[in-house]
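Shared between the two complexes below is subunit A, which has subunit B as its partner in the first and subunit C in the second.
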Partner chain A sequence: MVQVEMVDIYIMGKKYVVPASLTIMDALEFAGYQLKRGCGCRAGFCGACATVYRIAGDYELKVGLACGTKVEQDMYLAQIPFFPAVKQVYDLETLAPSNTAIADYYPEIYRCIGCNSCTAVCPQDLKVMQYIAYAQRGDLARCADASFDCIMCGLCASRCPAHIVQYHVAILARRLYARYLLPQAPHLKLRVEEIREGKYDAPLEALMGKDIEELKVLYNSRDIE
Partner chain B sequence: MYTHQMMELIKKVEATRPRRKGVDYPRMAPQERQEVLRNFHPDFIADGFRPLKVGVNKGDKVPRELADLIEARSRIANVSLNLEDPTYDVDVLVIGGGGAGAAAALSALGKGADVLLVTKLRFGDANTMMAQGGIQAADKANDSPEIHYLDVIGGGHFTNVPSLVRALVNDAPMVIKWLEELGTFFDKDEQGNMLTAHGGGTSRKRMHAARDYTGAEIMRTLRDEAFNKGIKVIEFCAAVELLLDTEGKAAGAILFNLETEEYLVARAKTVILALGGSGRLHFQGFPTTNHYGATADGLVMGYRAGAKLAFMDTIQYHPTGAAYPPQILGLLVTEKVRGLGATPLNINGEQFVHHLETRDVESAAIIRECSERKLGIPTPTGMVGVWLDCPLIDLIHGEGTIEKQLPAMLRQFARFDVDIRKVPMLIYPALHYQNGGLMIDENGATAIENLYVAGENSGGIHGRNRLMGNSLLDILVFGRRAGWHAGEKCKEVQLKQLSLDHVDNYHRELAQNGVDTAGRVSPMLLPRYTHREALQV
Partner chain C sequence: MRYSYYPGCTLKTQAGASLERPALQAARALGIDLVEQEEWQCCGAVFPLATDEIAPFLAAVRSLATARDRGEKLVTLCAACHHVLKRTNHLLQVGSETRDKTNNYLQLEQPYTGEGQVIHYLELLRDELGFDRVAQKVTHPLAGRRIAPYYGCLLLRPAKIMAFDNAEDPRVMEDLLLSLGAEPVDYPYRTECCGVYLSVNNEEIAGSMVRKIVHAALKQGAEAMVNACPLCHYNLLNLQEKTPGGEPLLPVYYFTELLVTALGLPEEVGDKTR
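Showing the complex of A and B:
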């Protein structure tokens, strides 16, 4: 009979023996936790399960998402389910996408000392320090693009010696860029005007009045792009 | 990482790939679609459902796991509460911190209402955040709300509520415009035209996307806006029961601080339920793509207060949940993967169904391939699945397409050493969406005065089957409508005394109908997993 490989892990210092195949999140549950904080989508999108860990004998602190990182033998771990970062409040409608738009709200971006801890720690493998450099230059397009996959887990900010909250800088860049520098969709503007003028009211009303057999004929004969 | 045996089987996929590339597998005829659904879709497994013994929908069939929660006692049965001294007293109470709740809160605030949003986990922890593929709206020249209407109602097997479909398709371009103005980073060309694609069951390319983080991009934008607007948000605070007033109108909720385990009274003039779906009930034992918090709390609370359920006998199984590696079992493989040309294949490397049938038909066809035809691919963990030939995407659209358009997928499989640019994914249908929910009208209103519902929590819009990209749309269309109406309506509400009589009455009804609740209490709030299956080899 084949044995299931088990490993020892230490959840906030307390030892548990868990199957080696599990993710950190599943291992917490295997150990008996019913998760409240530190668990969200369980699929790498929400950033709820940022986890810091160290393997016994190693000095290096590592990080990962609990939902996407497997346990290892002698893993010491703790979760960072919340990080008390500053989020500046602004009215997007009155902002301009200027070179200093980000620095006006987050001047600490210029305190970056280039240590690259943010990039090293990002579970999404984003070049975080690079996108902060774009923000320093006021290059909203590049900052928006390079930060796109950010899940706002907070690990970058937790390690930043300059107290930059990278993920809030990034969302401001993306919103400014998408609102003001990406051209607005011309076809969308047109369609919204048509709807406001009531162009589709009567045709939709007519469709609503049709019985199932009529609708089936229309549906089954519709042309597909 | 795939096993040696699986890598051997992948050679068959590689062998057939050149002759499959660019060849469109025939779509099913209407008759054939009905047949595969009847024989293989989980909705037709009679044993998966049972009729309710109490309440407005007495006699109607719902999934067994949901029936158990509905036929359960309230969490506050033995809790003493002072309804005269509410901790919170607001105009509009929004319950749920996903896309529908955020849209509702912003819209109610726009009407000048004092809004409180409470959510069981964090603001933004919701299925919205996980929606990858896109959001539908008929905003291109070759498309129209009428064409969208026909796709929605045909996809829903002509069972949808027409007035809800009209609201959905007519508001759709307005919703996209709203998002655009909020600075949502949609995929566009240099002129600003939206890059749109097909989804299962669409007759026009109207799927708007933000790479494969569409829902996340929408959610983080709305959340940021809610913070900018100063909306009051309380996290880790679940609602466990609705409050009515002595006239039977909605008047707030009993809240539960998950961390201190205190019960709190929140009084409100109007209430919006936006608590999402029920995938974490794992109907018929299926893995789910859903968020951790999807435990049907909104259905349970609304039903106990007297709101009606609709279409709760129909559940959407996403054709492509990950079947391997086990760490990501049930993980959503976005439909965009098929939209870009990846096709399902059996153990012989042969396609057996068109890759863009509606979700129910596609799922049923995959189940048939694995069960009746026995042509699925077994995994070392005892699962069975079919291949989804994703390397085809770069062959069709050029190298780098997967990296650019499916970064989330690429990353999630790479975390477990599967490079989806080079090898196919192994997939099997996963519990994805409750097609039904609490019945609403086109303003999101229910039969209980001052009670509104938005998002997956509601029912009727999608009939018996929802199309991809209509859920991100629905949460925003009806979140906004519910928010506007609740935000207006609260101005004329004169609250009477708060009451929980409906909870006592419900308990009495349970007893009168001989329901043995067997110690069950609901809503569930949090699932419990123990992962003992990991001890099996």
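Showing the complex of A and C:
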């Protein structure tokens, strides 16, 4: 019989013995948890499975996405499926891409003390403090660019001593930048018009009418760019 | 001549058109290569007097260390940023608990112990380039213009640490004005405080300080005032008495505005991304 290497992990403080080859998310399920929240794409894109952990004996708190981080011996886990961050409501069409556009909604960006904890904790390796610095000086283009790979997992905000919600600041910058400062992409405009005119209605309806076996064949033989 | 350049937040917003843009334009014309640091954060604007807390120094130390790593002097334009960076540099030079704690926190590849150098743009012109070289490039001398330099506090004091000029009788802006062909006006109060942040919550006190300064310059026949600090600039311009038409009695300029005028540089179109 093949010997499977096992490790001890701690979920909400309780010990479980799981195969060492699993990701944190798989280990949670192996341990018997059924994940309804804090679990999305399982591929590192959606940001739903932020996890804070520490290895016994080490003082340092570490973070990762549960779907992409392997379990380790003596790993103490805490899932952050949702972070209760302030999210401002605005109508993008009534805003202007001004120097103060972000500060109007998130004035707490000026509370930044420069500790850089947000950057240290980002599973996407973004320079979070730096994009907040861009937001502080109204540089929407750089803020949008530097935050582009943000998956909004919320770990930055969970560690911020100044109560900044970095990821909501960043998405406002990207929205303003895309809406007002970037030139419109001509092909996108064209495609939206095609959709409005119903060009894809018939092929979509044809797809909806097919059974699962036909869909599988179509999916597996599709063109991949 | 290549330098690292730390702009500061105000230069990217309110003082962009009148302080930063002409400064960069003049630098190019004078053959000075100012390279904005790729990453910099707000300096904190006020140098904290409680040195047992390290957070207020972190942004400054990061910028100082980055310039050190590039082997370049760090050039500032805003008097407040200059003050914070220079004093932080000094704090880390003299060796202190703050230095140890800051380095322990930042974990830089090479610890920072104040070995970098911070210079203000005016020092750059005076000490690195030389006002004689500035004078040679002047095409539109400000002949007959009677200008009153205003220094305020942040560039000059504390004198030993800032080591900017004679703190009681500074000359650097007078000498710059002379090199541009203007006539510097001597008047009392040019090194007095403008009221700083009192303009936010006690405009009356700041206003009385500003009016004292402006009246002294007017009395000596000044037609305009020149300075190097966004906050002084704001106070001097907004808190002085106005003409019946609502204009300030004494126009106030940044030194960089006079510099580009004398160098005959055309007005540049603004950066569209802002």
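Odds and ends about this structure:
Just so we're on the same page, the second predicted complex is superposed on the first by the 182 of 225 C-alpha atoms of A that agree within 3 Å, B and C clash if a C-alpha of one lies under 4 Å from a C-alpha of the other, contacts with A are read in each partner's own complex, and residues count from 1 in each chain.
We adopt the following convention: a contact is a pair of C-beta atoms (placed from the backbone, for glycine too) under 8 Å apart; a residue touches a chain by one contact, two chains touch by 3 or more.
The structure presented is a predicted model; accordingly, all values stated were derived computationally and were not measured.
In the overlay built on the shared chain, the residue A:C143 is in contact with neither subunit B nor subunit C.
When the two structures are aligned on the shared chain, A:M129 is found in touch with subunit C, with no touch to subunit B. When the two complexes are overlaid on their common chain A, residue A:A66 makes contact with neither subunit B nor subunit C. More residues of subunit A lie in contact with B than with the other chain of the pair subunit B and subunit C. When the two complexes are overlaid on their common chain A, residue A:L204 makes contact with subunit B while staying clear of subunit C.
Applying the stated contact rule after C-alpha superposition, one finds that A:P186 touches subunit B and leaves subunit C untouched. Contacts of A:I11 after superposition: neither subunit B nor subunit C is touched.
For the contact definition in use here, the subunit B contact set and the subunit C contact set of subunit A share no residue.
Considering their complex, residues 9, 12-13, 39-42, 44, 55-56, 58-59, 62, 273-274 of subunit C touch subunit A. Subunit A contributes residues 99, 110, 112-116, 127, 129-130, 133, 136-141, 181 to its touches with subunit C in the complex. The touching residues of subunit A, when paired with subunit B in their complex, are 1-4, 18-19, 21-23, 26-27, 29-30, 32, 34-37, 39-46, 48, 68-70, 87, 89-92, 124-125, 144, 148-149, 151-152, 171, 174-180, 182-189, 191-192, 195, 200, 203-205, 207-208, 212, 215-216, 218-220, 222-225. The touching residues of subunit B, counted against subunit A in their complex, run 30, 121-122, 124-125, 127, 129-130, 137-142, 144-147, 149-151, 153-154, 158, 162-163, 165-166, 169-170, 173-174, 176-177, 180-186, 188, 190-194, 198, 203-205, 210-211, 213, 215-216, 220-221, 224-225, 227-228, 230, 236, 258-259, 289, 291-293, 326-328, 331-332, 407-408, 411-412, 415-416, 526, 528-532, 534-537.
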